[in-house]
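Here it is, the structure, as structure tokens.
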Amino acid sequence: MLVTLLKSTPDPEKTVAMAARLCYSDSTIAELEKKVAGVSNEKFLGKILKMGHLSVLEHAGFTFGVEGISRATSHQLVRHRLASYSQQSQRYVTAETPEYVVPPSIEKDAGKKKRFERAVKSAYRLYKELIDAGVPAEDSRYLLPNAAATKIIVTMNARELIHFFRLRCCERAQWEIRDMATRMLALAKKEAPYIFRDSGPACVSGGCSEGEMTCGKPKEIRQRFRNL
Amino acid sequence: MLVTLLKSTPDPEKTVAMAARLCYSDSTIAELEKKVAGVSNEKFLGKILKMGHLSVLEHAGFTFGVEGISRATSHQLVRHRLASYSQQSQRYVTAETPEYVVPPSIEKDAGKKKRFERAVKSAYRLYKELIDAGVPAEDSRYLLPNAAATKIIVTMNARELIHFFRLRCCERAQWEIRDMATRMLALAKKEAPYIFRDSGPACVSGGCSEGEMTCGKPKEIRQRFRNL
Amino acid sequence: MLVTLLKSTPDPEKTVAMAARLCYSDSTIAELEKKVAGVSNEKFLGKILKMGHLSVLEHAGFTFGVEGISRATSHQLVRHRLASYSQQSQRYVTAETPEYVVPPSIEKDAGKKKRFERAVKSAYRLYKELIDAGVPAEDSRYLLPNAAATKIIVTMNARELIHFFRLRCCERAQWEIRDMATRMLALAKKEAPYIFRDSGPACVSGGCSEGEMTCGKPKEIRQRFRNL
Amino acid sequence: MLVTLLKSTPDPEKTVAMAARLCYSDSTIAELEKKVAGVSNEKFLGKILKMGHLSVLEHAGFTFGVEGISRATSHQLVRHRLASYSQQSQRYVTAETPEYVVPPSIEKDAGKKKRFERAVKSAYRLYKELIDAGVPAEDSRYLLPNAAATKIIVTMNARELIHFFRLRCCERAQWEIRDMATRMLALAKKEAPYIFRDSGPACVSGGCSEGEMTCGKPKEIRQRFRNL
């Protein structure tokens, strides 16, 4: 899996701080721009987030490139509707060589891995044969497994990212989307350390949200995300 | 594929007509309710749609049950973000028996069909074996093909439905989602014949939207959707 | 202020329960429809809400008629973006007689009320004179006060309503939108008592969300909303 | 009115071009980044827009500062739901001096203008008096007119902007929001000339969308927006 931060709103934290100040101030926007420039907005952003004044986070956008995730995971990802996606099409792009994801629970067992890979490769082979025999790629791909790798460009704003990380960095999420979300968080945090300081699953900033389904190790998780 | 209309806003066309009238009238809502009751709103709704006053269509919601579509198609479907989805989970529900979709381009050729089905069934078999050997269902399912059948409940409002039908009833859409969208349109049209009268691909109400990629048979298509 | 529930998804709680069951079951939708029919879904819905499985609530839609709120309040209302609105237009509808809202803090003081009403009526008078002198209504209305009454039809789904009530039923919200939201909640609760059982400001179902800005009377508030 | 472009996605057109190419290519994202760098993407973007492949435009975000528009206009603006807003609050910010917008239809007539301004100033005066007498700002502001000036920070992506310009740059829109939208378009066009080349009301890129309500001068309008 390769996750990169392709673009983000320049000065995301100053932009957010300026928008938050506008709501409660009679200064002009030019004055507010000066006010947020050249100072750390750490304390102010901390206050905003604590107050739950989350709408101002929407002015900071982040565009990620994600490659080598499975279609199982992209199907989960695109369920997040407050985001923009451009995904490599299985209708228009033929998979010339098998690219796929092996789950760790299978990877770790040589025998299972062998059978898994043989099955996946055999599916890709028949897929290609059907295409060569005149079946459209859009139909041949019905054979391709959930493991098939895909590429997607994703844009989300900081508010939606925080929500996304809350759900998908949690131990209850599946390992692959959790891995992807955690990489996204690490990249976003570099750009906007105060906005994402307490970001991660619910337990990073408060109590566990999973009730009886808790992973039972919030302390360890909290530590991991704080140090990300 | 089984598509049913599970629920819809009662009196969708009166609701839409009342909302449209409210914008331009100083009557009370109770007066408007009387005004739209017991009359055909055909002419008025036609005028609203022609004027492009589409926001009023959002007050009419439709909830569909869809069963037996492939995961290839559900992945396309959930890209429509102005909608609500509840989908059978491959993480939490184990597929006890192979249920899958065979594309017509494969179905029609006995030899291809045989190879396709053998491959799909073999994937399901290994999937079950891995589960029995302790691999979680959420990981074993990486083997399952795009052809795997799924169930989903979908809620969209009439404005989004019209947009959805425009894209997905078009000959350029893949056959499976087109089949699904066309069944949805037929069901919605029974509930709200005037709202959806000219619904379908772009060519039903105007010119083809597909430029060089046109299917070249707008007349035939228009006829088909008008008679739906 | 007059708030009415104009329409809602028939059997909203059964619809939600069915959608929730679909995610974790391999039954057909017809089987699930039977399962949720004729039984109380109280316990099941309570569990779903507690688990935070909120997306299923989106299948239940509610359409309200709201009359006699101020434009100050409608401007707040339409900031909620996951909703559909049809509002009486000040561009196309001329206000023949002054209709306006007097805030309680002004209403309670006879002197203030008199000056307030005189000013508002005088604004309406000049508004009409300018219209009679050929100024378009869309421009004359620049004189009309925030107090000016408006009518609006609002559709939200149950998930968004719960979020809306959380913010707008809170003592921190302004009195007018709080009054409106509380009336909406009372009406929604009649249709779907289990979905909205713990609905209201944050303190009804958990702790206060307002930090230092707390109203300090969560117990009283909780009681009020539980009995709504 | 003061409209400024505060932030935008760096290299918006390369970002959009890269996202569009990803859908139809098996190149890596790094390869696509190279492909779109250092070349004009004019022709490619023109093709994408003509094909209606609009979702890729969502990866380019634009944040505007808007000052000195009326609350009449901000109420129209925030009806666009696929956008993010931070607006100066009338609840928390007291208007120390009258700031307001005079419609041109009133401005041009000295007598009307005088009466308009007298009325507006008188409303602001009573507003201040009530505040001084202990009425909360959030209630005193019920007196303030639609003409009252406001400030707002707006973020929209390029797809939504094109839709917004189509509606709000049209002669059928009110003069104030049309002025605002046209300034936004001029600023966005400087950043992304090919994305917004044919942007403006419907008549700029095709036929008039307003039917009988047409302004009747599409040629002149088209010229104006092409030269913006």
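Letters are used for the chains, namely A, B, C and D, taken in the order the chains are written, and counting of residues starts over at 1 for each.
Just so we're on the same page, a contact is a pair of C-beta atoms (placed from the backbone, for glycine too) under 8 Å apart; a residue touches a chain by one contact, two chains touch by 3 or more.
Keep in mind that what you see is a predicted model, and the values were worked out from it rather than measured.
K.L.:
Count the C-beta contact pairs for A-D and for B-D, then tell me which is higher.
P.N.:
Pair with the higher count of C-beta contacts: A-D.
K.L.:
Farthest chain from chain C, going by the mean of C-alpha atoms per chain?
P.N.:
Chain A.
K.L.:
Centroid from C-alpha atoms only, then distance chain B to chain D, rounded to Å. What do you get?
P.N.:
Result: the chain centres lie 33 Å from each other.
K.L.:
Compute the distance, rounded to whole Å, between the mean C-alpha positions of chain A and chain D.
P.N.:
Here chain A and chain D have centroids separated by 30 Å.
K.L.:
Give me the residues of chain D that touch two or more other chains.
P.N.:
In chain D, the residues touching two or more other chains are 85.
K.L.:
Which chain C residues qualify as touching chain B in the complex?
P.N.:
So the residues of chain C touching chain B come out as 2, 4, 6-11, 15, 18-20, 22-26, 28-29, 33, 55-56, 58-59, 61, 63, 65, 67, 84-89, 92-96, 151-153, 155, 157.
K.L.:
Considering only the defined contacts, which chain B positions touch chain D in the complex?
P.N.:
50-52, 209, 211
K.L.:
Note which residues of chain A are touching chain B in the complex, please.
P.N.:
Its residues touching chain B are 70-72, 74-75, 78-79, 81-82, 85, 90-91, 100-106, 112, 115-116, 119-120, 122-123, 126, 130, 133, 135-136, 138-139, 141-148, 174.
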